[in-house]
Structure formats: C-alpha cells, structure tokens
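The structure that follows is given in the form of structure tokens.
Chain IDs A, B and C follow the sequence of writing; residue 1 opens each chain.
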Amino acid sequence: MENIEDFTINISNLSFSRGERSIFRDLNMQIPRGKITAIMGPSGTGKTTLLKLIGGQLLPDAGRIELEGDNIPTLSRADLFEVRSRMGMLFQSGALFTDMTVFENVAFPLRVHTDLPQDMIRDVVLMKLQAVGLRGAQGLMPSELSGGMARRVALARAIVLDPHIVMYDEPFTGQDPIAMGVLVNLIRRLSEALGHTSIIVSHDIQETLGIADYIFLVSGGSVIASGTPAELRADESEQVKQFMHGLPDGPVAFHFPAGDYQAELMKGL
Amino acid sequence: MRTRVVEISVGGFMLTGILALILLALNVSGLKVSDSGSSYRVLARFENIGGLAPRAKVTLSGVQIGQVRSISIDERLLMAVVELDINSSVNYLSRDSSAQILTAGLLGEQYIGITPGAEDEMLEDGDVLENTQSALVLENLVSKFLFNKVSE
Amino acid sequence: MLDRLQTLGHIGLEGLSALGRSGSLLAHALIARPQPMVMFPLLLKQIYFVGVLSLVIILVSGTFIGMVLGLQGYTILVSYGSEQAVGQMVALSLVRELGPVVTALLFAGRAGSALTAEIGLMKATEQLSSMEMIGVDPYRRIIAPRFWAGFICLPILAAIFSTVGVWGGALVSIDWLGIYEGSFWANMQHSVDFYDDVLNGLIKSVVFGFVVTWVAVYQGYDCVPTSEGISQATTRTVVYASLWVLGLDFILTALMFGDF
C-alpha cells in the first residue's frame, strides 16, 4: 500500500445500511490511478452496492467518497451527471437498451454528452466496436446477441467517452470459458491501452487474480484484507484463506444458523 | 424507414382524433359554427310552463326556428318568463304572434310553437309575446274532467 | 388488538410513502427540463406505441358498445312510444360516460400494463441504472415521454370511441330498427350540448389519461425488479388505474352534471 501514492478514488469511513441491515461499517478504501483494482468477497457483501455508491446512485449514511477531488454524496444532480460522464460502468447483465441497435447503444453516450458531427460519432463508435471485436454486429438488436457479445457491446459503450474510471460489475459471471477468456483479455488490454482506472467487482477468483494489480477483500461490511494478488495468496488468516482457496467450511460457515440437527429430526412434527 | 411509418401513423392518429372531435361537435351536439349574433331574443310570459326546459325547440308550423334560452320567474306578475332565441332569418313574425307550449307525442318533450298573427309590425329583439297558451298539465285536465262530471 | 393497530399503521405508512414516491416521480417527469429536439422523436414513438396501437381495440369496442346501446335503448324506449329518442340516449351516454370511462379502462389494460411491464423490465435489466450512469436522467428520457404520450392519447382515443359508438348506434337504430334518420339525428343534436356534454367528456378523459399513465409509469418505476415483481406491478396497474378511473368518474360527474 505504501508504494502507491496516486489515488483516483478515496473512500473514507463509509457507512451504509439498507433498512435495519447494515451493509458497510467504516469502510476505507483507496483505489490507485491507472491500475486494475479488484473488490472481492462472498456474495451478499454489497460489492455491487459499493459500485452504486461510487456512481452516486445510492447515498451513504456517513463517510466520504472522493473522486478526483469531488465528494460524490454531496454533489448536486447536475454535477453528478457531469462526473458520471467521466465514469463508465459495465453492468452485470450488460444493460443494453433493448430498443436500439448495437451501433445506437454505443453511440448513445456520445449523442448525449457531445455535439460531435454524425460522421465523427460514426468513426468513434466503429473504433470502439472494432476494439471489442464486434464491428460486424453493429446493425443487430441486443436481443440477437449472445450473453458474452452483449457484455462486450456494453463494454464498448462504457469506454466510448474515454472515461477516467471504468467499473465492472461481475463481468465474468455466467460466461462460458471462451467468452470469459475474451473478456479478461479485453479488460486488461483496454486498461493498458487507454490508461483508465479499472474497478472490478467479482467473486471469480482465478480470472480476477489473473488481471488485478491490487485486490480488496470485503466481508462483513469492511475490508478484511488488501494487497497484490501474490500477497493475498500468501495470506495466512483463516478468512482470506477460505475465500482464496474456495474451502467449503471455515469462518464463513457452510450451515445456515440452525438448531441442533439431531434434536430437530427426533422431534417429529 | 421505420421512423417514417411511426411518424405517418402518429400523424394519422392525431388527425383521426381531431376529426372525431369535429364530428362530435357538429354532428352529435349540433354545434353551429356561426351561432352567435344570428338570432334575436323575444320574451314570452306563461302561466305554467309544464316541463319546458332550456334548449327546447321553438317551432313555426312544426319547423324549428330557434330555441329556448332561459326560463325565469317574473316576481311582480308571478309568471314564468321564457327567453326565446329566434333565428334572424325568421324576420316575418308579426308582433301579435302567439306562443304555445306543445308536447311531442303523448309523453314526449315539450317545445314552443309560434302562431303568426296579422299585424304589419314585425317582432324585434327584446319584444314580449303577449298571447301565450300554457302547457297542458295532465292533472289539471283530469280534475277538470271530474269536476264537470260531478256538476252534471 | 395491538397487532391489528400496527398492521393498520403499517398500511397507512406504506400508502403515504407510495404517494410520496409517486408524487416525486410525477414532479420529476413534469419539471424535467424540456429538450424539444430530444423529446419530440421520443414522444412521437411513445404516441405510436400507446395510441396508434390501441386504436384497433378502441374502434372495435366503441362500435359494439354503440350498437348495444342502440338495441337496448330501443327496446326500453319503444315501450314508452319514444323510440325516436334513442339517438339522444346513445349519444349522451357515450359522450358523457362510456366514451371516457370505457376508453380509460381499455387503455389501462392495453397501454398501461404495457408501460408498466416495459419500464419494469428496463429496471430489472439495469437499463435505468445504466442510463443514469451514462449521465442521462431516466425521468426525462424514459418517464416524461411516456407520461405525456398517455396524457395526449387518451382524450383522442375517447373522442374516437364516442364517434364510432354513435355511428354504431346509428347503424343499428336507423338501418336495422327503422328509426327515421332525421329524427334520430335531430333529437340527438337537440339534447347534446357541445360545452356541457362533449367538452365535459373531454375533460374527463384528460383527467383519466393523467391518472392512468401516472399509475402505470409509477408502478413500473417502483416495481421489484424481478419477473415476479413485474407481473405483480402490471396487475396492480390495471387494478389501481381502473379503480381510480371509476372513483374519479363519480366525483367528476357529480361536479359537472350534479346540481351543486
């Protein structure tokens, strides 16, 4: 941690709860500029929620989320929309607009945020589609795409404005090995080529370890470990070991809390 | 191409809506475009107007020449005052014309029938029809009939 | 006893917060800074989906309801010897009541449920979120055009419904039942007033358009983003919108045609 000085996002003392349930307590996290940072943790720890907090779609109960000097939770709606034009987000389902073609989907942020002439928009869109290898699919509707292709189109849309930050929400979930390989490759290549800060939320250990420069392990509402992939692999704490090696039982118990097994069986109806 | 179909059909839709409204206005509610100014007003006093209502027809020999505008009470004479709007084109009614409340069919709506008089002077805006005949009220007729029977 | 009280309080609070959320949705959609160049094509597209595609069901049901009114009116009126008045009966019931109300009910079923399902699905597939993340206000881009489209289309549909209904009634009365054409139309024109009847009916359908679309858009935007949640929201749209329409119809009728 000490060797990284330059942060894009600085989250301090973040608390967030949904109804009675507390999701984050005093979360601190610093995301280095221009690197691929992964946020990992068991399902249900609010990783996607964290991305929504960074994107300003949810408001925290307390704490600061500083993005290049702006404190996201205190921004006005107009400022927030301006900040968001510097963010790209790849949603779990792709979230392509179903009533537009692939081309129009990718062109959408350009049309909204810029006054570029039509032929320039066309060039930019084709470049981005070429980068994800789907220039040939520009005329298709999202319903005609496979899951992996839809995610690549969504990726092209996320980077079309050349954002400073790209957030990936579970990019590898539900993909076949080939599509997964393509995506892993794409995320790394794009990050290197465009130099943006990437944040990946995932629980696919192998793929994520393969491309992340830095990893935060989140569980129970706060960061339980952080470091480079190598550091985390070598970590000796029980919780980290269970997650990194996918052990079925450990601090995160296999059994949902229940009464005594034998007693319940014997009790009958 | 697809946008063109959408735009054309939306245009057609709007047009149909406006057309429907115009049909409702002209054909169903009988709204006249140049209604105001083309009629003059005449008053008529009646003993009893029966079931006469505003917007009832005013006819001459069965042909509609106007309609009832409003109905009120003359507080001094304690009679009903009916305001009639008569089309300006009907300018040949003499001052001594009489108005009569009639009924369409046995139980139908009531309307006003005008019977022209013989004077040379014609009715003008604001004139009052003196010769009137009130509505037939069924109860009165029946009681009269019974009274006559008894007195015989 | 206390439990019941708690349930009551819970329902009351839920209702209030739903009212608040839907009110804020409405405010956002209406206040959303208008961008004519962006808004117009979107609005056009929504009018197509909401209005043009509802036209068939409106035409068919309007014609049939008019025909039924003609038949029923005739059989009742003929026993009083005033079958000539069937035209006025058909026209008055259509223009004042059935036109706006039945159109609103059909509209809730045909277009309202589709609006809810579409917006709900957009929410479930994170399209609304991703639009927000791209920096586009979904209120302005998704909600506002749909809202205005519904608001514009319902009065138009109601006017069309009443017109074809009168035509259907005329068809039955004049061509089948042999009522004299002149007295059919004359009776109708004599008793239907443009301002009191036609315009009031139009005002009703404007109010219904507002309420039905509001309910539909709100249910879609507020639904639980799962397939179950969407189907529940769609049902709720039809039920709530219909109840609102019928309730408001009573109030509006009392205000417009009642003697106070």
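Just so it is clear, a residue touches a chain if its C-beta (ideal position, glycine included) is under 8 Å from a C-beta of that chain, and two chains touch if they have at least 3 such contacts.
Computed from a predicted model, the values in this text were never measured in an experiment.
Enquirer: Based on the touch definition given at the start, go ahead and assign the chain network to line, ring, star, complete or other.
Expert: Here the contact pattern is a line, an open path with two ends.
Enquirer: More C-beta pairs touching across which pair, A-C or B-C?
Expert: Most C-beta pairs in contact, of the two: B-C.
Enquirer: Taking each chain's centre as the mean of its CA atoms, how far is subunit A from subunit B in angstrom?
Expert: For subunit A versus subunit B, the centre distance works out to 77 Å.
Enquirer: Between subunit A and subunit C, what is the gap in Å from one C-alpha centre to the other?
Expert: 43
Enquirer: Please compute the C-alpha centroid of subunit B, do the same for subunit C, then give the distance between them in whole Å.
Expert: 36
Enquirer: Residues of subunit A that touch two or more other chains: which are they?
Expert: Subunit A, residues with two or more chain partners: not present.
Enquirer: Per the contact definition, I'd like the list of subunit B residues that touch subunit C in the complex.
Expert: Against subunit C, subunit B makes touches at 3, 6-7, 9-10, 12-14, 16-17, 20-21, 23-25, 27-31, 55, 57, 105-108.
Enquirer: Can you list the residues on subunit C that touch subunit B in the complex?
Expert: 41, 44-45, 47-48, 51-52, 55, 80-82, 84-85, 91, 95, 153, 155-157, 159-160, 162-164, 166, 185, 188-194, 197-198, 202
Enquirer: For subunit C, which residues count as touching subunit A in their complex?
Expert: 121-122, 125-127, 129-137
Enquirer: Where on subunit A does subunit C make contact in their complex?
Expert: Interface residues on the subunit A side: 52, 55, 57, 77, 81-82, 84-85, 87-89, 91-93, 95-98, 108-109, 112-113, 154, 157.
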